[in-house]
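Next up: some structures, all given as structure tokens.
Here chain A shows up in two complexes: once beside chain B, once beside chain C.
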Partner chain A sequence: MLAHDLLDAWAHLRSPVHRLDARVKLVCACALVIALLATPVARPGLLAAWAALLLAIAGASQLPARWIAGRLALLAPFLLLGTIALPLLPPADAADARQVLGLIVSAQAALLWLNVGGKCLLALLAATLLTGTTASAELLRAAGALGLPRTLTALTGFALTYLGVLGAEGGRMIVARRARGRVRGLGRNLRVAASMAATLMARTVERGERVALAMVARGYRGRMPALDAGPAPAGQIVLGAAFVAACAALLWAGVRA
Partner chain B sequence: MSLLEVADLFFTWPDGTEALRGASLTLAAGGSLGLIGRNGAGKSTLLLHLNGILHGSGAVRVRGRAVEDWPADELRATVGLVFEDPADQLFMPTVLEDVAFGPLNLGLPAEEARARALGALRSVGAEELAPRPPHHLSAGQMRRVALATVLAMEPELLVIDEPVLALDPEGREAIIALLAGLPQAKLIASHDLEMVLALCGEVAILDAGRVHAQGPARALLADEALLRAHGLRVPVSLRGG
Partner chain C sequence: MSAEPADGRTIAQEVAWARELSLGGLFIALGIIIPIGFHALGGGRLGPVFLPMYLPVLVCAMLVSPGTAAAVGLLTPVLSSALTGMPPVLPALPLMAAELAAMGAVASVLHRRLGLPALLATPLTLVVGRAVLGLAVALAVNLLPAELPPPMRSPALYLIGATVTALPGLALQMLAVPAVAALAERDRAGVASGNSDAGT
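On to the complex of A and B.
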């Protein structure tokens, strides 16, 4: 099995979230992220409500917490960088100044940073839950069905398919290099790595040409065809609509409170 | 009238490599022809001419009509081309979508394309693979699905490049049995002469871009001097004593 199968590592589970139609999930996830981004900075309580909702969905999804945490950890360098930079922003006045671990920090800047960082983290959690509970092929089909240009979904599909194939090819090249002894010295290592990358790139172009020929051989004329997936189950459409309405209502109530 | 006729076909790649230098062959309707030859003989290049992907100088006629005169869709539905590496042929997110790709390009309605795709998958014993991503399949499964992608277009002539390359003995036998059961005319390019002997009534020997001999498979594949002259060897099953 190829390395990029990791993308769909947990898509086979049968949780209630997994069983939802991909189109319904995609719409719900987009609505949730929009509501999240529209949450005013001065409403940390509302942000906590979104977090609680996402954690509840994460629980229902049966995805391993460790796997979700691993995906969220991707954001760690950016969050860390922002946090380190926080003391560099001067407080607006004395009332805004707070002392944290011996450093003077602007309370406004800290609140803003918590808001931005929290939103990024929750948006990533929403994306992780969506992609973790939906096979990549289904997700692409759903995006196409919801109006994303077919060329874009096709290109993404090619990237998902052939990045894995190329990754496996690159892995075999690395094994073949190791099988012929250890390369000594940083300079030689860099030269070998560069030539391997160039070889892989040349093979990518050649494969692209062969795939294009295979497409033409089956009648491709510049427009990606698609099978009609049929409508989503009515119950799920109602559920999705209720979720979107609930997000809107929660946002409205939170902003007004 | 021959189903396929190639006459004096020349083709030079943009880098100056002369791949075909006057290749000629014929294939009767319902027949099966093995195209054999050493590496670099021009087999794959020749196959790409048969459904109009490459155009060299000379003549390629399908059912007596030059490929240039065929509407592209009709030609590609008539001559189904299965590539050497199935990873190049399978590019859609799921097997079903991949097999339906050709029928949809022919302009069939989605439901009919789906029915054709499922029928083609059934005919190669791979119906249960329909919802799976193609790159998750084993080599043997990929070969079957690649064949189904072309069968779904209901071609009259199947052109197959190295159908059993890199398969284990069991997978190889299964593909040979599958190909033997298909009713379409077949042109099979391969180095696997045992397979060619099992599947093809005739063989054509291609070397340096020219067909040096075409005739009954059993007779040509037993001709040691001829095969040796073109970098080939007599299959074990035809070697005496």
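On to the complex of A and C.
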């Protein structure tokens, strides 16, 4: 359930974004995130432009808005904590001080926080759109074809495969704990959570050993099979190159403005 | 069946490498799942206090080679950030990726290459991790605008704040990592000697 919700839940749709080659999508997403992170703090307008671009892609992807919002809501505690901490920072000088809702906040720190929070949210939106429109196996194949070391793609593949298995095992442990009675208090809850995590790790080692023996028994010879796919369609390569160039041009124009 | 199959690897080496990959992948998955549980319990406040992602990375580092441990340390925060949004891509992700990759490699070198017991290797690794975090923060601060309030421009203040906040988590790692690693190594010996049935 966990893995299905995080991965591949909507990868079966047939939107124009879904139909793009995974390699093209991966390169475009990386370019967009790099451009996003390179956006200077003093350019909130450029951040709005990236947001508009991502929202347009989200619209074209036909992914359910509620699912996307649910994924973005994972950042809510971080954004909330950062916002609460903002008035605790003293302004650098009198010119930097601003009064907001009766509180004195540093204008520079507020701008930086807006920038950091916005970038985090937009980067997560980009990752959500990429993983929501591409099957995880396709993404791994694309990463391998783009030159990511085979060890990294193999480790990622294992992690994605067993995310659901371990999540389900953790879920069963939580159900068993609840069935044994309610635990009150944060301290006791943490103690139970720590012992569950330790048990889960010990079971994971056992599972890892069994998986390794099963791999060798099924013919693994020290190398994961190559995940190369055929060449991407020329039209899509041109589209991807145009998108990357547009990102670079928008960043350049935004910084120069 | 030959004991030395294709490209010069022995069967024992093949099993060892398969074990590295499967353990690494499984512990990355744990490094994504355990923080989700902590965030569900504490609404995002408990992560920086208990450092739940560090636990699987450090335990894994005690069981695999330095290269694989570094890869696990690098991939765990990156995949978790892409899938769950935590850690946030700024500023935590690059700092955690650098810290965890270094900690993974160092823990594995200390425990598996130099033979240090996990009880001693864990605190040394945590010290190295904090040093790498300090270096990464010092590099990152140079990218911040000069007009920011002084507290936001001080890597030392950030490092002290992060370390004090994480004291319960650091203590937890020092207690839990050696215990879980010992448990895992005992279980591993049991599985390797054929006490468990093979399968996935």
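One rule holds in what follows: the second predicted complex is superposed on the first by the 212 of 257 C-alpha atoms of A that agree within 3 Å, B and C clash if a C-alpha of one lies under 4 Å from a C-alpha of the other, contacts with A are read in each partner's own complex, and residues count from 1 in each chain.
The criterion applied here is as follows: contacts are C-beta pairs under 8 Å (C-beta built on N, C-alpha and C of every residue); 3 or more make two chains touch, one makes a residue touch a chain.
In this text the structure is predicted, and so the values were computed from the model without any measurement.
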> Which partner does A:A51 reach: the first (chain B), the second (chain C), both, or neither?
Replying inline: neither
> First (chain B), second (chain C), both or neither: which does A:G157 touch?
Replying inline: both
>> Looking at A:L148 after the superposition, I want to know if it touches chain B, chain C, both of them or none. Which is it: first, second, both, neither?
In response: neither
>> By residue count, which of the two partners contacts chain A more extensively, chain B or chain C?
In response: C
> Touching A:C30, do we find chain B (first), chain C (second), both, or neither?
Replying inline: neither
>> Quick check for you: in the superposed arrangement, does A:V216 touch first (chain B), second (chain C), both or neither?
In response: both
>> Quick check on the superposed pair: does A:R207 touch chain B, chain C, both, or neither? Answer first, second, both or neither.
In response: both
>> So in the superposed three-chain picture, is A:A137 touching just chain B, just chain C, both, or none of them (first/second/both/neither)?
In response: first
>> Going by the contact rule set out at the top, does A:A109 touch chain B (first), chain C (second), both, or neither?
In response: second
>> Once chain A of both complexes is superposed, is A:A248 in touch with chain B (first), chain C (second), both, or neither?
In response: neither
>> Show me the chain A residues, by the header's touch rule, that chain B contacts in one structure and chain C contacts in the other.
In response: 2, 157-158, 160-162, 165, 207, 210-211, 213-217, 220-221
>> With touch defined as at the start, can you tell me which chain B residues reach chain A in the complex?
In response: 48, 51, 53, 72-73, 76-77, 81, 83, 85, 87-89, 91-94, 96-97, 100-102, 104-106, 110-111, 113-114, 133-136, 149-150, 153
> Can you list the chain C residues touching chain A in their complex?
Replying inline: 5-7, 9, 11, 13-15, 17-19, 21-30, 32-34, 36-39, 41-46, 50, 52, 55-56, 59, 63, 67-68, 71-72, 75, 79, 81-86, 88-91, 144-145, 147-152, 172, 176, 179-180, 183-184, 187-188, 191-192, 196-200
>> Please output the residues of chain A touching chain C within their complex, sorted ascending.
In response: 2, 6-7, 33, 37, 41-42, 71-72, 74-78, 80-81, 89-92, 96, 106, 108-109, 112, 116, 119-120, 123-124, 127, 131, 151-152, 154-163, 165-167, 170, 186, 189-190, 193-194, 196-198, 200-202, 204-217, 220-222, 224
>> Can you tell me which positions in chain A touch chain B when the two form their complex?
In response: 1-2, 5, 8, 135-137, 140-141, 157-158, 160-162, 164-165, 207, 210-211, 213-221, 225-228
